[in-house]
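What follows is a set of structures for review.
Both of the next two complexes hold chain A, though its partner changes from chain B to chain C.
== the complex of A and B ==
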């Protein structure tokens, strides 16, 4: 019996190595969230749908609202506190993440970045350990910002489920592209379920937020249809 | 007891000729004690079976970002934020380059295969430049050497 790809798995389920498709003799299988290697078996830790991607990536797709930090994730956080050289940033995890003032592009000891309490930052997780405080940075390994840093100039931040945030960033999802064909806007999606949207005016921003929230359980065709309807409605409102 | 006694003996007494034997004995005892004190590396090694660390067949990566190949989270449309739009372009180009590179890797001929093909090709071309007589000589030589093996068409390996 092969591993039940695309089916529901429950914590405690286990498969042996034989049940998994191996990509190659020399390549390793990548176990994503919800799966753990134990002895010679693979145990399921979360209830959800078992997913597989070539070449040899397995993970469990399940509904989340609480963000669990993992290394390399891009998140949207809110600066809550300034403690000495660090900022405490709320990224939705059980503990606040720390962000050093030196981990901004062009920041030096003398030249501090302009970050205030209440600012929204787009950052990457550098340290994500279950026993330690997560640490985020706003630069890549070359010291460039590459799109990270403080997100300024208004806009609207809202919280979604983690699934929706991932759906928005999935290459197969058409929502942002079809909205982009109709509206002029900017969006920052963190995999921690925080989404920041800014459009030309308030009507558009509200419409975009509602569209994003409504798209959680819609497929691509329904999303296209909805985008068409929304853009019509918005253009009518703007005329009035 | 001897060690305790000798502790009281003075240096001068020990230097006397009749004491030489006991001095040697004392030295020997002392050396043995010191040797016991010096702990060799084996002392620290537990006498257990060798702990086997088998290399795992799995890489545990707890991030959805890599599993689902998620896009970069900041996006801008219709020139709302040109900076971000530039970044998006770079990201998509990078991804395309990666894809084409992978495709090329899959389709191209490997080094080993290339070498094998060339070596077989060399034989064929070399034959072309030998004269007829040489060829027939070679053939007769071969016939003498071993049983005549008919050359078969070699199926080109993919």
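== the complex of A and C ==
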């Protein structure tokens, strides 16, 4: 029996290595979150759906709320404190991340970036180690901002589950596409489950926030239907 | 664990919208969230959900000595537990300032309103009396714990039955539940707490604040009242000045809320009593019924969008009318993840007390892949639930 890819697995389920291997042998297998190798077996640690991606990546996709930092993740954080030449940023992990004031585009010792406590930053994880404090940066390796930095000018920040955030980040995400057909808005989604949205006016922003939250347990058809109804209702509210 | 800080943009957005009479969840300023009251199988166990805030209250009793200053009275203890389960920022063991304020207010609401007849708890004057204890556990904190806890506490007290006692000369017999029917506590009235939050120097006022609104509020006023218009508690915290009119307005709003909630509590108590006497299933088991594996669900957000709805969608609009006409049982809206497709033929053979996974063989692992198309078609047939109306009105 092949491994039940796309189906539900439960903690305690186990597969042999042979079950996971694709027909062409000798390939390496990478076990992602929720799976663990134990002797010759592979054990499931989380309840969720078993996923597979070529060439040999397996992981368990499940409902999750607590963020565990991993290197290279794009996250949305809230600046919590200024300590010397560092900012402490809450990214939802067990420890606060540190952000140097030099890791902004165009920042020098003279030219400090304008960041206040309570600001929202969109940043990338540079260091994520289980024994160390995570460190985030707002520049890429070329020293450019590439979309990262402080998020300003209104909008609203809300928290979702991590799998919903991942769903939104999928390029084929139906929700964002069908919302984009009807509204003009800016959105930044961090894999830590924080989402910032800003639409033309506050009514639209509130509608978008609630739509995203409500879409969590809906399938694509339901999402399309919902977006249609929302845009209708919002346009009428704006007329009033 | 450290509390998630509130960002400036959230603060500004919430305050701006409050000043334009808009709330994030689409409620009006004086609306309560969806309220659900449920009782456990054991007597005096009450679970209250106010939106996503959840509180469990349990009443227990034991025989002990009365206080020396009041030899003819029983004793009532009130204890509020804020565990990290409710909110990660609550610490285990140590009571925070918020926790102390909460339990003091609850104590004042229940004890000093004299809602419970203490003399009826006395068995032998100066020697034996009932000690009644109300334990309030906050299970989830999404704002306005206080109102939720007061509803849970008073409902639990009304639901509780203590063992019957007979005194024969020197001899005291406590009858077991089998020997004699347990007796209810004598409640004179039902004091409930209603909290009002104020913004912009008391200019704007909201009822039943959510946790984010509580973080940006300037001050809070708690009004304890029963349905007979008797004021039991009043507390104002925060830095703001309140006008006399504002206080009077609060008390009149509190009265309407309290009457509504008291009615709801009585209705829930009646339902429970009927279910018990008929031998139907009762307790929290009813909440997990529905004959399906309940994976995840989002509660329905009820917003009055009647005036915006098309005529063909009118039936939906009417169902979203009143804030507090929640039913006692949980109205199931099954929003299942794709992980557990509802077509996976988990067959429940007997309609018993709803235990998840009861009856039928598990067919979780060998769902045939060909079925996915049929499933999609089937899913469409399910009535899509009106959850999307979460827009400020």
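Quick notes
Throughout what follows, the second predicted complex is superposed on the first by the 219 of 240 C-alpha atoms of A that agree within 3 Å, B and C clash if a C-alpha of one lies under 4 Å from a C-alpha of the other, contacts with A are read in each partner's own complex, and residues count from 1 in each chain.
By our rule, contacts are C-beta pairs under 8 Å (C-beta built on N, C-alpha and C of every residue); 3 or more make two chains touch, one makes a residue touch a chain.
Because the structure is predicted, anything quoted here is derived from the model rather than measured.
By the touch criterion defined above, A:174 reaches neither chain B nor chain C. When the two complexes are overlaid on their common chain A, residue A:127 makes contact with neither chain B nor chain C. Once the two complexes are laid over each other on the shared chain, residue contacts for A:102 go to neither chain B nor chain C.
In the superposition on chain A, A:45 makes contact with neither chain B nor chain C. In the superposition on chain A, contact is made by A:92 with chain C only, not with chain B. Contact residues of chain C toward chain A in the complex are 1-2, 4-13, 16-17, 20, 22, 24-26, 296-298, 301, 305, 307-310, 313, 335-340, 364-367, 369, 376, 379-380, 384, 387-393. For chain A in complex with chain B, the residues that touch the partner chain are 17, 22, 28-33, 35-37, 42, 51, 53, 57, 59, 68, 70-74, 76, 122, 128, 146-147, 162, 166, 169-171, 176, 179-181, 183-191, 198-200.
Interface residues of chain B, counted against chain A in their complex, comprise 56-81, 84, 87.
For chain A in complex with chain C, the touching residues are 4, 6-10, 47-49, 62-63, 78, 80, 90, 92, 94, 96, 116, 118-120, 151, 154-157, 159, 196, 202-203, 205-207, 209-211, 213-214, 216-219, 221-222, 225-226, 229-230, 232-234, 236-237.
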